[in-house]
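Look at the two complexes coming up: subunit A is in both, with subunit B in one and subunit C in the other.
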Partner chain A sequence: MKAFIAFTKKEFTESLRTYRLIVLAAVFLLLGLMSPLTAKLLPEIMGSIDLGDGVFITMPEASAMSSWEQFFGYIGQMGMLALIITFGGLMANELSRGTLINLLTKGMKRQTVILSKFLTASVLWAGSYALSLAVCYAYTAFFWPGGVLSNAFLAFFSLWLFGEFLIALLIFGGVLFGNFYGSLLGCFGVIIILSTLNLFPALSKFNPSSLAAQTLNLLSAQKEAADYLPAFIICAAAAALLVAAAIAVFNKRRV
Partner chain B sequence: MNTLSVKNLSKSFGVNKVIDGISFDVPEGSVFGFIGANGAGKTTTMKMILGLLPADGGEIFVRGERVCFGATETNRHIGYLPDVPEFYGYMKPKEYLLLCGEVAGLAASETARRSIRLLEMVGLSNANKKIGAFSRGMKQRLGVAQALLNEPKLLICDEPTSALDPMGRKEVLDILKQIKGKTTVVFSTHILSDVERVCDRVAVLSGGRIALCGTLSELRARHKADSVLIEFASQANKARFTADAGALLKNAVSADLELTLHVADIANAHREILRVLYANEIMPLKLEILEPTMESLYLEVAK
Partner chain C sequence: MGDLKEYLPILIPLGIVSVGLLIASLAHIFTHKKYRVGNRALWVIVSFINFIGPVLYFAIGKGDE
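Up next is the complex of A and B:
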């Protein structure tokens, strides 16, 4: 336990001093700000463009829902990309540089490394995401007061859960390949496969990537929580399995 | 008691058999030199002792406890200095040692006390900058400090001096000399003069096997002296000597004013040399029976 606390402390210090924390928080803050602003300004910008002969594009009036639409679009794509790039080297860099050898030969258990890294990354991700969400929520309420969101907790939670899945995937890839690019490629590979599977509507109910792309439908009450329940369970189970697999592989890996 | 015991250890990478059934013991308190060419398997052996690599066959015991790959209980007895120690560049030396102490389960106050002493010993007391800005020699010395932090019974150093300049080498060797007696040291190297400076026991690894193993004095005695070096004051003296020396010159090596004679019976040869010198009234600058050096022993077994 003592080693776990010490290593976790080191992880947070590292995130702070290598600017990982600041970059992640800044990116998510920006995405949170941009969502309501884009929703508000896009119809006005588009409406002001004269296509010639007095033809204008008319967009439906912006609403709170268009702000959340932007939010899910930004976080689900750019946010996840930022997450992947920030945490791609989390495990991989330690292995490729050999910085763990001094600590492991002092008797630190290998699972401590994985669990501690997963915890730190989860906290950073949750914090940045909460920041983004809070900012977007405040601005959305300011521009379009009085709106009601259905299934809000579940919709926002699902995006967070998908982020957890990616973190577990990155750590597993890092342990497996031992370098930054392997970890990154592995993660992108899985995302591409999952996105391809999403082309089949019948599968989307079970597909973790629905949690990042489609749970907006929960907010607008077009879908119900039960529609995504299998995807929730599969995503959470997959994340847990990946962490367990990362520990198992790391225990048998030469360092 | 043996601090480290390696029994019949073997390891292959693919079809390449790197370690082929080696056995050796390291008694408590000794400084053990592990010698071999680049790629001979020194690092592989050390990593197996630390449980960082699985062995294909054989057993390793540290203070009587068996080493298992992966979760390595025996590492609590061991301090390890990798060939190129890597640190977190954003930390300062004291912070890094504090992390090491916490990981090893030491109390913070104890870690702080030991850190001050160790940093002083390795000459980094005043290096209060981030490790990222350290030179290679400084990193190596910090590596020694972190390896000694948990006061290990066994210190394993992987080529601690090979990448350092002469000053850095001397400093690291001096540190090893300082801890001699308190801690058992195993260190690998291919610099033979380092071995002669600090080791009392050696093993030479060649072709995946132990080609030579024992204390330095044992090895010297076993490969007994059979060479005599004579240095002459002038070429004329040397010429007069060679004209009269006869059978002595059978395996002689001549260089400038020196003559090295390789003989079968050193006592007889010595008598004969003195006779020739006396008879020809030659006063040599130097007459020396050559001790077998680590280099000659090494070259003999690593052929």
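Up next is the complex of A and C:
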């Protein structure tokens, strides 16, 4: 436990010194700000495009729901991209630089490294996501007061859970390949496979990637929580399994 | 475009944060000589890609100290 706390402290200090914490927070703050703004501006921009012969595109008036639609779009794509780039080197950089050798030969357990890194990344991700959510919520309430969100907790929780899945995937990829690009490519590969599977509507119920894109439908009450329950369970189980697999692989691996 | 004033409460913080990110990464690029990948010119250009540029620089480009 002592080793775990000490290593976690080291992880947070590292996040601070490598600007990881501040950059991630800034990016998610930006995404939170951009969502309501895009929602508000989009109808005006589209409306000002002349398709010729005086034909204009008319879009429905922006509402709180269009702001949340943008939020899910931004966080689900740009946010996840930022998350992947930021945490891609989490495990891989230590392995390629050999900075863990000293600690491990002094008797620190290998699982401590993985669990501590997972915890730190989760805290950073949860913090930046909460920041983004709070900002978007405040501006959405400011521009479109009096809206009611259904299933709000589950819908927002699902995005966070998908982020956790990606972090677990990045750590596993980092342990497996031992370098930044391997970890990154492994993660993108899984995302591409999952998005391809999403083309089949029958599978989207079980697909973790629908947590990042489709749970918006929970907010507008077009779908019920039960529709995504299998995806929730599979996503959480996959994340836990990936962390366990990362520990197992790391135990066998030469540092 | 409608009344710009309506958007000010959101445009001001948006501007501050994205310019802040840009300045932070440019400042780091110009005060450091060594990069893990690429060179100074590349990273200066990349920094201008809105918010993903600085993220990329701090994650991949920044050299070890």
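Everything that follows uses one rule, which is that the second predicted complex is superposed on the first by the 255 of 255 C-alpha atoms of A that agree within 3 Å, B and C clash if a C-alpha of one lies under 4 Å from a C-alpha of the other, contacts with A are read in each partner's own complex, and residues count from 1 in each chain.
Following the convention adopted for this analysis, a residue touches a chain if its C-beta (ideal position, glycine included) is under 8 Å from a C-beta of that chain, and two chains touch if they have at least 3 such contacts.
Treat the numbers as computed from the prediction; the structure is a model and nothing was measured.
Trainee: Which partner does A:60 reach: the first (subunit B), the second (subunit C), both, or neither?
Mentor: neither
Trainee: Touch check for A:2: first (subunit B), second (subunit C), both, or neither?
Mentor: first
Trainee: Contact-wise, after the overlay, does A:201 reach subunit B, subunit C, both or neither (first, second, both, neither)?
Mentor: In the superposition, A:201 touches no partner, neither subunit B nor subunit C.
Trainee: For A:146, decide between first (touching subunit B), second (touching subunit C), both and neither.
Mentor: Neither: A:146 stays clear of subunit B and subunit C.
Trainee: Considering only touches as defined above, state whether A:180 meets subunit B (first), subunit C (second), both or neither.
Mentor: Touch partner of A:180: subunit C, not subunit B.
Trainee: In the superposed arrangement, does A:14 touch subunit B (first), subunit C (second), both or neither?
Mentor: Once the two structures are laid over each other on A, A:14 reaches subunit B alone.
Trainee: With both complexes superposed on chain A, which partner does A:97 reach: first (subunit B), second (subunit C), both or neither?
Mentor: A:97 contacts both subunit B and subunit C.
Trainee: One more residue to check, A:29. First (subunit B), second (subunit C), both or neither?
Mentor: Only subunit C; A:29 stays clear of subunit B.
Trainee: Touching A:252, do we find subunit B (first), subunit C (second), both, or neither?
Mentor: The answer is first: A:252 touches subunit B but not subunit C.
Trainee: Could you tell me which stretches of subunit A are touched by subunit B in one complex and by subunit C in the other?
Mentor: Shared contact residues on subunit A (touching subunit B in one complex, subunit C in the other): 18, 97.
Trainee: Mind pulling up the subunit B residues that touch subunit A in the complex?
Mentor: 47, 50, 52-54, 70-73, 75-76, 78-80, 82, 84-88, 90-91, 95, 99-100, 102-105, 143, 146-147, 149-150
Trainee: State the interface residues of subunit C toward subunit A in the complex, per the touch definition above.
Mentor: Listed in rising order, the residues are 1-2, 7, 9-11, 13-14, 17-18, 20-21, 24, 28, 51-52, 54-56, 58-60, 62, 64.
Trainee: Which of the residues in subunit A end up touching subunit C in this complex?
Mentor: 18-20, 22-24, 26-27, 29-30, 33-34, 36-37, 40-41, 44, 48, 78, 81-82, 85-86, 88-89, 97, 139, 142, 180
Trainee: Which of the residues in subunit A end up touching subunit B in this complex?
Mentor: Per the stated touch rule, the residues are 2-3, 5-7, 9-10, 13-14, 17-18, 97-99, 101-110, 251-252, 254-255.
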